[in-house]
Amino acid sequence: MANLWQKLTHHDGNGWWNLPHGPSNELNPPHEGPIGGAWFGNLWQTLTHGGVSHAGAGFYWLVGFLLAVVTLLEVWLFTVEGLGGWYIPILLILSVAKFVGVVAYFMHLRFDHRMFTYFFASAMIIGILIFTIILFVAEHAHQKPLF
Amino acid sequence: MTQAAATEHHEPVENTSTGLNSRKLMMWAFLGSDVMFFGAFIATYLVYRGKSLVGPYPSEILDIPLTSVSTFVLLMSSLAMVLGLHYVKEGQKNKGTIWILVVVVLGAIFMGFQFYEFREFAHEGLTPRTNIFGTTFFILTGIHGAHVTIGVAWMAFMAYGSHTGALRKDNALDLEIAGLYWHFVDIVWIVIFTVIYLISATDGPPPGVGPTILH
Amino acid sequence: MTTKSLKFPQAFPRPKSATGIWSWIGTVDHKRIGTMYGIVSFIWFLVGGLEALLMRAQLASAENDLIGPEAFNQLFTMHGTTMVFLVIMPLSAAFFNWLIPLQIGARDVAFPRLNALSFWIFLFGSILINFSWVTGDAPNGGWFGYAPNSGTTFNPGLGMTYWVVGLNVLGVASIAAGLNFIVTILNMRAPGMDMFKIPIFTWMTLITSVLIVLAMPVLAVAGIQLMTDRVYGTHFFNSLGGGDPVMWQHIFWLFGHPEVYILILPAMGIVSEVLPTFARKPLFGYPFVVFAGAVIAFMGWFVWSHHMFTVGLGPAANTAFSISTMLIAVPTGVKIFNWLGTLWGGNIRLNTPMLFSISFIAMFTIGGLSGVMHASPPTDAQQQDTYFIVAHFHYVLVGGALLGIFSGIYFWWPKFTGYFLNEKLGIANWALMMIGFNLQFAPMHWLGMDGMPRRIYTYAENMGWEGSNLAASIGGLILGIGILVFIFNVFYSKMNKVMAGDDPWDGRTLEWATSSPPPVHDFDVIPQVQYRDDFWFKKYPETISEYYHDDHDQAVPSGAQLDDEVEEALPVVSGGSDDHGHGAIHLPDMSYYPFILSVGIAILGAGFITNTYVVGAGVPFILWGLLGWSMEPVNDPE
Amino acid sequence: MHRVSKLSFPLRPALFLLVPMAIALLAACTPENNQSTFGTAGPIAKDQADLFNFIFWIAAVVFILVEGAIIYISVRYRRRSDSDKLPHQTHGNDRLEITWTIIPVLILAVIAVPTLTGIWEQQNGVPDDQGEVLNVEAIGHQWWFEFRYPNHEVVTSNELHIPVNRPVAFKLESQDVIHSFWVPKIAGKVDMVPLNDNYMWMIGDEVGEYYGQCAEFCGIAHAHMRFRVIVHTEEDFQAWITGMHTAPDAPVAGSPEASGKNLFAANCSSCHSSDTTSPGSYAREVTSQQARWNGWISDIENSGIVSAPNLTNFGQHTTIGAGLKDLNQASLEQWITDPSSIKIGTRMQKHAAVYDTADGTAKLSPAEVSDIATYLLSLKPGSAPAGAVADAGGDVDGADVFAANCTSCHSTGDNTVVGPGLAGVGDRAGSRVDGMDATMYLKESLTDPGSYIVDGFPAVMPEMGHLGTESIEALVTYLKTLK
């Protein structure tokens, strides 16, 4: 607690919200990558030649293939009857997976400086929060009919 | 190295406070801004989903197989984009140029699909003025289409640059920034495809629509 | 190394001259752009003020028929729009432009041409909106443009189309400027200046820019939707076609509340610079002021529905937004207390900038307290859309933002021009503004509590509102005279120059380290920064240990890192602009393309008001601007 | 180093802050003002005022502390002489920061408690223990208020009558733009939003007449969109309800009232109903008002019809122009002659054919105006028992039936109001449907209008079966005479 406090308030604290100093080719530590935990980071570490952004054409083909598969899966789900209430959540999860795939690998966020992730993620977080609130409010915030 | 080269063509490690390239940083900040832009449009669509007072309703008009193909095309253009960037960074000029051209072509095909779709909808009686579905659908996908158009033009410019040799290994960042924009347009479509097409495709008329309000 | 690059045929030679009209049109110098922002927005300030005075004249007595309802509706719509989008935002932008590179020790902003583009788009956008006065069809649906009253069904004229298109054009300018300043502040800092050493005004600019970049797109969406409703007959907010008027309010206020902080945070930053300088003490609790600003900016996103307490969102939503609104008063209070802490024990010099800044705290506190009153939905049910609200936000925006800006004008005028603004006239200006302001807006509090709704062009004699309204109108006149005194002061001081020198106020931040006015290249040598308020501590090295050691938690940052938390010494970051090494100073060359591009955007915008072919006419200019710009090197090869 | 200019400053800035404040405090709020939120006449407004006072005094304490601190510090620590002595260069104090973060939180928590109770008491329905609830539909129009009492089948405009000490539940509606329903002395405002019906409730606990006003900007006549709330004793309220079901006495032939009645029927009655007293007339008025709205919205520029205040028993009203002026012969004549001399922007003046003149004044002679005014002022509950007019027996005159029931939507000329003009309808009727003669077609159209809507007209005509066979026969006979 005291540490956190100091990080937040210190004159020259290198607190977590202080912005990074290093040059852009400094790697994210694998266990601290913005997406996925340690196991995920390690797995992709192997696949991506140690997490450098020049991952190789083969890697991009692989990601592209997986994205294509997910898209096919989505379209197939559309034809499947009887998913009921599961349909929308499954689709949302799949599209989030595609979204993350493109952002993390095609847009290099996974390998790039964390500052870029902060930029994009903060907008995503604020956007998702407020627009979810708006959907909720528009759907449910009405006055109780008195007669 | 001349001054022009020093300022225009950035070195891999930037001489800035954060060590990050200013233009790339700005592109990411702009993408954050665009997140709010599309977020507001998508939120509007979702708030108005299923509130059309008259038809045609999504279930009567959306063509999922067709849009699946165009979605696939746009997704593959992202792959082509990243490959193009990869080869430009490797200094393989011809491969780079070809893949960027593939992006242009796939983007143009996507635009063609969208144009075809808009025309079909208009034939079947759905315009932005028809109902609230038409309004939200056309403006959201139209704004996205405008983004794609800008992206295609930008990529064509890049392909030309790569072809003439103005875009090289040492200023591949120009392409990377354009690529970020292109990928962003793609991820917006990923959300739109799910939200407008797959999820809404079965939406019919809402319960209790009365004819008295619009005539 | 010879490199091949694309060339775009030049219609004009690239501008080179340092004087004359073309040197202004082609300029990419942040100081010149700041000056242009300042002058243009001050002119709009006079226009907006005149609109306010006309309204006050109409309301001075009951059943007055000086101005008809239609003109009155146009006046209050344009007054609000002008003051928010054409005055306070661009006046803040003038300060951003002038000061940010100077405060962070850079030679220009990160994207000088983009900066010029922002200004030109702002200029054309503002002219576009105000052109509606010439056509006699000024916007009349309120600066909030509530649907469906702003739709064509109930508002068939062109006025609201001007308004919505103009706002969209201005939005482009704001977003471009916001992106520019974010990158500038993050990337262009002088060597050694990490984020916790940048001046507080720079911090507030950064936070404001983030808000602009995230909030203006939401306004753009609202604007595009209303525009397509008006121009193409879509149904976004058309209740007859299934659109929901409440949705407009959600989207508009979703932008609108962050906008409030976009307006006030720069003024808070100015005040946070002025108070320490004139109290001759560092800002009290720097990290807390920064953090409070960031918290305000974040929480500002989750309070928008307090503008809609009477819309009927039901008790649950009202409860949630009431609580979030009250909470946002906490970081605001933290700032006020820190300012008081700054003054406490200081050696306070009551010069004009300081008078304005102290008045800022006093007036902003009143606005904040009345804000808490209508954070409570039951009391807001009586206050919403009454003059109580008018009083509240004028205390925040005039008593807050505008006093802060005037404080900044008097404070930095010597830096901008090299000479002081006259102190006696300055005090007269301040006194008249304070008397006029309070006489104008304090009575509005009880006008509101006495049930006078906003936006009414007249009122009956038996309502008991005449005295307060008359007082308010007289106050408005006095406030206006105060502004005239300011204008007189500007000319008087120009003719009777009292030269100021580089550092007239014994300043704290880097802008005082360079000459007044600064050279084109800002700094002969990019400063190396070691401390927060680096310039001050270099002047008074004996105070370093006082600042950095009087709390056991704090450590001297220079030399070896005393902070155990930092694992390794930070790499020295090299500085500023794009110049490499310490050799020759290279500034970006001038360019016409931002101007051409902004002309294209203005024509495009005008096309939505007039007809579609005009939209097409804008496209060639935009393409010309974009292509020329992208192929034009920052510097021509020598 | 160049040092600061040596300007001295004789005035203490604090005084400048205090003078306007002092003036301000001298003029305290006046509860007796017509729309003061302090002189309350109902528990909701009282709760709201109490909560305001509670927050106000807390704010006042904070105000005095903060402004006092500003003044004290500015005076106490201002530079004396020319000393440029450097004060202690403190950087801050964490404990103070925590303190002045937590104290506001606590103060706000104290404010939040009554706030939240207030929200849930006022916005979550009428409490059960408040007595029998009166339901009222309040509808905002540009720029007047319509009030409907669905349980009593009464409709009136601009003057709301409610019983004292009884909860009144409101359904707030709007068809055009957003308005806001506000009676400052009885309850805070709630907006009237198209497509989003709102609900609120209030209790008037003092008999009297109270001012109300639209609080949301709604267009050109926003300032003039006002209304009155008349709080009656229970007996008076019941009497008013009964009165609203009692038709006025028929004017004596040849009197100004009789002339006014005819002029009213000819010039005003397509938009203004004035006879919503008989059974079934409430439903008809609700339908007609919708029809007028549909007629207006389908052709805003050229419509000859627009939603308009119901003038039943108008003589009982105390104001005209939505609460603008006291109602009397002179003000009413002024209103009829040139509404914009009292209220700019009325829809009536824009759309009613009678105002289709160069200067927008009515195409009526002063005598005619006077007759209409006299007639309208004479509209007070008459001596006849409620509902007695409908079938008075004897010969029914088709023209009277038409005037009473049809003129809201149909003219006897060629012009379209809501429905088609009926000139020559007798000739056309026979050829409209094969195998149906004119009489049969007209009868069918009256009793089952849905079957034979003429192309291009909205399907809004109500069924007229409630008029009774005799009236229908007379009406058909009359219609066939129209050339």
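Each chain gets a letter, A, B, C and D, in the order it is written, and its residues are counted from 1.
The criterion applied here is as follows: a contact is a pair of C-beta atoms (placed from the backbone, for glycine too) under 8 Å apart; a residue touches a chain by one contact, two chains touch by 3 or more.
These figures come from a predicted structure and were not determined experimentally.
**Q** Any idea which two chains share the most contacting C-beta pairs?
**A** Highest contact count belongs to chains C-D.
**Q** Going by C-alpha centroids, which chain is farthest from subunit B? Tell me that one.
**A** That would be chain D.
**Q** By Cα centroids, which chain is closest to the centre of the whole protein?
**A** C
**Q** Averaging only over C-alpha atoms, locate the centres of subunit A and subunit B and give their separation in whole Å.
**A** Subunit A and subunit B have C-alpha centres separated by 19 Å.
**Q** Using mean C-alpha positions as chain centres, tell me how far subunit A is from subunit D in Å, no decimals.
**A** Centre separation, subunit A to subunit D: 52 Å.
**Q** Just curious, how far off is subunit D from subunit B if you go by their C-alpha centres, in Å?
**A** Whole-Å distance between the two chain centres: 49.
**Q** Measuring centre to centre with CA averages, how many angstrom lie between subunit A and subunit C?
**A** Comparing mean C-alpha positions, subunit C is 33 Å from subunit A.
**Q** Quick one: which residues in subunit A touch 2 or more of the other chains?
**A** 9, 11, 19, 21-23, 115, 123, 126-127, 130, 134, 138, 142-144, in rising order.
**Q** When you check subunit C against every other chain, which residues touch at least two of them?
**A** 186, 214, 240, 244, 246-247, 251, 254, 286-288, 312, 314, 548, 553-554, 573
**Q** Using the touch rule from the top of the page, what residues of subunit B touch 2 or more other chains?
**A** 14, 18-20, 25, 29, 32-33, 36, 40, 47
**Q** Report the residues of subunit A in contact with subunit D in the complex, numbered from low to high.
**A** 5, 9, 11, 142-147
**Q** Could you list, by residue number, the parts of subunit C that touch subunit D in their complex?
**A** It comes out as residues 68-70, 73, 141-142, 146, 148-149, 153-156, 239-240, 244-246, 279-282, 284-288, 310-312, 314-315, 318-319, 322-323, 326-327, 329-330, 333-334, 336-338, 340-341, 343-351, 355, 358-359, 361-362, 365-366, 369-370, 372-373, 375-382, 384-386, 420, 423, 427, 431, 434-435, 438-439, 442-443, 445-446, 449-460, 462-465, 467-468, 471, 498, 500-506, 539-540, 543, 546-548, 550-551, 553-554.
**Q** Quick check: in the complex, which residue numbers of subunit D touch subunit A?
**A** It is residues 91, 94, 123-126, 133, 135, 150, 169-171, 190, 196-201 of subunit D that touch subunit A.
**Q** Along subunit B, where are the residues that touch subunit C in the complex?
**A** 1-9, 14-20, 22-23, 25-26, 29-30, 32-34, 36-37, 40-41, 44, 47-48, 51-53, 128-129, 131-132, 134-136, 138-139, 143, 157, 160-161, 164-166, 168, 170, 213-214
**Q** Which of the residues in subunit D end up touching subunit C in this complex?
**A** 1-5, 7, 9, 11, 13, 16-17, 19-21, 23-24, 27-30, 32-38, 45, 47-49, 51-52, 55-56, 59, 62-63, 66-67, 69-70, 73-74, 77-79, 83-94, 96-97, 100-101, 104-105, 108, 111-112, 115-116, 118-120, 122-124, 142, 172, 176-178, 180, 182, 184, 187-191, 193-196, 198-199, 211, 213-223, 297, 300, 324, 344-345
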